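Below: one structure in structure tokens.
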Amino acid sequence: MITTNNLTKIYGEQKALDQLNLRVNQGEIYCLLGANGAGKTTTINLLLGFIKPTSGIALIDNMSVHQNSQETKKKLAYIPENLMLYSSLTAIENLDYFSGISKKEFSKSELETFLIDAGLQKEVFNKRISTFSKGMRQKVGIAIALAKDAKALLLDEPTSGLDPKASNEFGLLLQKLCKKGVATLMATHDLFRAKEVATSIGIMKDGKLKEQFKGDKISLSKLEKVYLNTMDYKS
Amino acid sequence: MITKTFIKEIKEMVRDGRVKLSFLIVIILLGVTLWIRIGHYQNINEQYKNATITEREVWNGQGEKNPHSAAHFGTYAFKPKYPLSLIDQGVDKYVGISIFLEAHKRNESQFSAAADQTGLGRFGDLSPDFILLFIIPLLIILLGFNSFTKEREMGTLKLLKSLGINNWKWMIGKWISLFFPIFIISSVLFLTSGILLFNLNDFGIFNWSSLLWLFLIYICYYIVFINIVLFVSIKAKKSGISLVILLSIWIISCLAAPKAASNIAESKYHYPTKQEFNTMIMKDKRNGLDGHNPWSKQAILLEKKVLKEYGVDSLNQLPFNFTAYRTQIGEEHEAEVYFKHYKYLREQYNQQTNIYKSLAIISPYLPTRFLSMAISNTDYATHWDFSDSAENYRIKTQKFLNDNTAQNTKFGERGYKAKADFWKKLPAFNYNPPKLNNILIQNKSNLIILGAWIIFSFGLFLFNSKKI
Amino acid sequence: MLKYNFKYELKFLLRSRWIQLLYIILLIVFGFSVFNGKQKVDKIKNTIVAAEKQVKENDIMMLKLIDSIEQGYKVSVPRWTVPTNPMAIGNYHPRVAAMKPLQLSFISTGQADLYTSYIKPTVSADDYALNFTEMTSPIQLLFGSFDLAFVIVYLIPLLIIAFSFNVFSSEKERGSLRLIASQPIQINIWLLQKLGLRFFWLSIIFISTITIILLIVSSEIFLQPRIYITLLALTLAYMFFWFVLAFIINIWVGSSANNAVALIGLWIIFVLLVPSVLNQLGNTIYPMPSRTLMINEMRAKKLEVTEKQDEILDNFLRDHPEYATNDPSQTTGFYHRYIASQKLIKEEMKPLVNTFENQLKNQQNLTRSLKWISPALIMQESLNKLAGNSTEDYENYRIQVINFAETWREYLNTFLFNNLDFSTNDYINLPKFEMIRDKFSVTSAILTLLLISISLLLPGLVFLNKDFYFDE
């Protein structure tokens, strides 16, 4: 569902992303680990079509993101690191707006179902977003993804700044989506959460994918060791 | 702490392309406007000199002529241009450049430059005062609107606070770093104009202390703006909001308040129209003595009074020509009528001035504008002064001419002509504008208002140190 | 997308109190400016009415006097004001030559504070010395007037700037743009819709507030809906221009602060700098000759003329046989010589006086050909035209008054030079002044504004269907 072939992005002299080959199938959660500047966010931006690749290709459902950006955007949902919704609108209004502008209209009860599925409590549906915590905003983000019936989910540091409980809830939610056949690519620093939810884990450094594991094949302490070794290794 | 902040702020400014660009634009504009004004000033002064000399030659060359004919022929008083009009041309373009001085009539000054311009002229001129009064405050806003908000937005504010900085010193450092570039730019402008004016030929009454005062006034004006800008920057949550608030303040104080003040002044204490004014004067004149009409009631009364005074029973026995005497008394009556009506105008103008002063509460622009014009000798008061002194000269001229007829002719004698060299004896019209000291005393209240603005704005700014 | 943008933009504007704020601001500034304008126009109207009434009253007295004289009674007025004397009529019973305000005069003061609204030209006054300036405090002239034109030309663009400078950048800065951009929509079209909706709402607010104010202050305007609609169309076209500018700046420039600075910079250029630069340009290319030198020249001529008045009169009568009296026993008096001299001076001064008029015309033409550089200028000029207070209107008035003064003089001179008395029968033939206004239309101004806006919008629209990238 989410594929990159030799994806490369060069800013001036600097290679932000170097020949990246990734593949995330339906029902998979792929966690990208790596230091700041390793190329995680660049990968997500390229998959979203926010930036142009220098070479290589990014594919969503076997369609090139840069040739069919509208089509691929229909299939994916994205939750940025700090999800900012419209603070003067309520949760349900935000959901209505974001699905509405991409030509998906829902009745009020349908919208409420999405919010419930995303794990948001009913009492806050009609509260303004300005009163929401980050975890609650992310749930609205998931609801937007649900409403869109997204096949691919791109997450940028979704658990940073969440308290452990909210982080755990978020992980469970992802696994629920995963069972529905959504392909998820998640960039994160959170080794623990990655180990918990991922079906696959990749470690990036200097724009390159250095290591790849199956999520269930590695223990947390092993993962940490490999991660630190990769970071220390001078290329 | 203060110097560290100062150096950091100046470095930030120097590295900011936006600041460099706007600085450059302001300097170019100032240069261009100064250059335009100098040419204009020299040109006008040359015309003034020639006109005065030529007009005097015309007057002197009247040949043999009846003095009262000469009074009707009249003469012109021309208004000179003063050196500091280079910096602030004030209301100069809206008031006439010359006054026709003739018998029986006080004329308004004629031929204002604005009347000879297209509607474009009403948008304002490219002159240093435009830059000084409007653009530099904008520059201050541009340089300082994010002075504090940027620290908040970048999070450096928290960092600084955690270091336990002294708010006062920090704020003073910021203040100085905003004041410094503005001070430099205005000093350069004033120094350049001073040197230019000093080196111009016939710079007349230019004196450095007026220029220095003008400079001080503008510096005060900028200090008020700097305080307000920094105050808003402390209070505002975001740079964008700070900018919008400051621009609104700028619009209100520099554009809206003066216009609103002028409308309120106009509707509360309006001038009569020119025609109404003339009609009122005509009415009053008619009620008094008409120097040309021997049959009017007033004339007959005067005749009786004079005969009684001299103890004679016929006008022929008087030691002077009664007709000329009557003309002179008529002239004096008319002068009084004019005096009365101009006094009314002046009262209206004073009332209007009070309105401008009361609106200065919402606009530091107003006291600055008035002080700047006053010191540059381009304000309305200077024009009044000029017009009054021309009127005095007119009255003296009439007396000079009528006395000549009264002394050299007998009653009933017609066709008297003064000698060709008589005209030269009339002293030339000479006008000196108010001295700097008098101007400052006259504008005491404006000085006080500007001073109050400084104190008030410093208060706003400094007493917020705890709120950062 | 439009439906949802519409629904939620409105919610946003209401909740952030933008709409309420704009309503209040516009009601206050429109109210104040229209009220002021109306007051000024009423004052002008009243003075004209009073002047005309006074002339009428004087005429009744004058006719009575003439009647008494014609019946052979003796009258007790000074010799030179006896109304059977045509020069007395010409000097002491002048007509009112008024420039009456138009229906929309209150929207813009224009040159109305600078020039007088009526004049009573007499036979002995010099044309070029006819003083057309009004007695206004120069401070008022300097500061200008808080009229509707000021609100529209100066303030509305600033409201638009404040209303739209960060429509795009604030989303970018808050981060919500990333979420929007991940939706299958064209970002530029989305932005265009957002700004378009703000234009729509501001237009609604503008139309409703101005209508309310006009209903209260000057409801008679609705009797002529065309004028009202023209005013609305013109203003909307101007507002459209500023929204287009905001759209372009939103696309091209980055952060909110930079957008604001760029838009304010453009505002200063269009509203303050371009007009004064054009004014300066006009004065430099077509400089006005010096008025002081004109006075000098006129004075020298007068002196010359007074010395040889008899000779001038002879020449004059030779050139104008229609004035030469057929009765050789009649003598010529002061006025004969005076009128003849005046005519001579006028003719000799004509080339110089014409240079003033020509230079002013040249300056006006220059402005006309360059005014498209600044929409603010187009707007101010059009509003002045609608108000009938533009420079051209007063120029037109001036020319008509001078022509009327000539007619007035000619008419009475015929009596003077034929030594005829003015009689009651001649009264109805006295020339009357009626100002004829030029036909004008602001359609071309509206079209120019739209053309400028669209030609600015086109390059923006080219980008519309392009993909949006964050880093380029």
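Chains: A, B and C, in written order; residue numbering restarts at 1 for each.
What we mean here is this: a residue touches a chain if its C-beta (ideal position, glycine included) is under 8 Å from a C-beta of that chain, and two chains touch if they have at least 3 such contacts.
In this text, all values refer to a predicted model and were calculated from it rather than measured experimentally.
Chemist: Connecting every touching chain pair, does the picture come out as line, ring, star, complete or other?
Modeler: Graph shape here is a line: each chain touches the next, no loop.
Chemist: My parser should flag the chain pair with the most contacts; which pair should that be?
Modeler: Highest contact count belongs to chains B-C.
Chemist: Round to the nearest whole Å and give the separation of the Cα centres of chain A and chain B.
Modeler: 69
Chemist: Based only on mean CA positions, could you tell me how far chain B sits from chain C in angstrom?
Modeler: 25
Chemist: Can you compute the centre-to-centre distance for chain A and chain C, using the mean CA position of each chain? Integer Å is fine.
Modeler: Inter-chain centre distance comes to 63 Å.
Chemist: Enumerate the contact residues on chain B facing chain C in the complex.
Modeler: Within the complex, chain B touches chain C at residues 18, 36, 47-48, 50-51, 54-55, 58, 61-63, 69, 73, 76, 78, 90-91, 94-98, 108, 110-126, 130, 134-135, 138, 142, 145-146, 238-240, 243-244, 247-248, 251, 255-256, 258-263, 265-267, 270-277, 279, 290, 292-293, 295-296, 345, 349, 352, 356, 380, 383.
Chemist: Across the complex, what residues on chain C touch chain B?
Modeler: Residues in contact with chain B: 32, 36, 39-40, 43-44, 47, 50-51, 54, 78, 110-111, 114-120, 129, 131-146, 150, 154-155, 158, 162, 165-166, 170, 256-258, 260-261, 264, 268, 271-272, 275-280, 282-283, 288, 290-293, 295-296, 299-300, 302-303, 306-307, 356, 360, 363-364, 367, 377, 380-381, 384, 390-391.
Chemist: Provide the residue numbers of chain C that touch chain A in the complex, in ascending order.
Modeler: Result: residues 1, 3-5, 7-8, 11-12, 15-16, 174-176, 178-186, 190, 467-472 of chain C touch chain A.
Chemist: Looking at the complex, which residues from chain A come into contact with chain C?
Modeler: Within the complex, chain A contacts chain C at residues 11, 45, 48-52, 66, 69-71, 73-74, 76-80, 82-86, 88-89, 93, 96-98, 100-103, 141, 144, 154.
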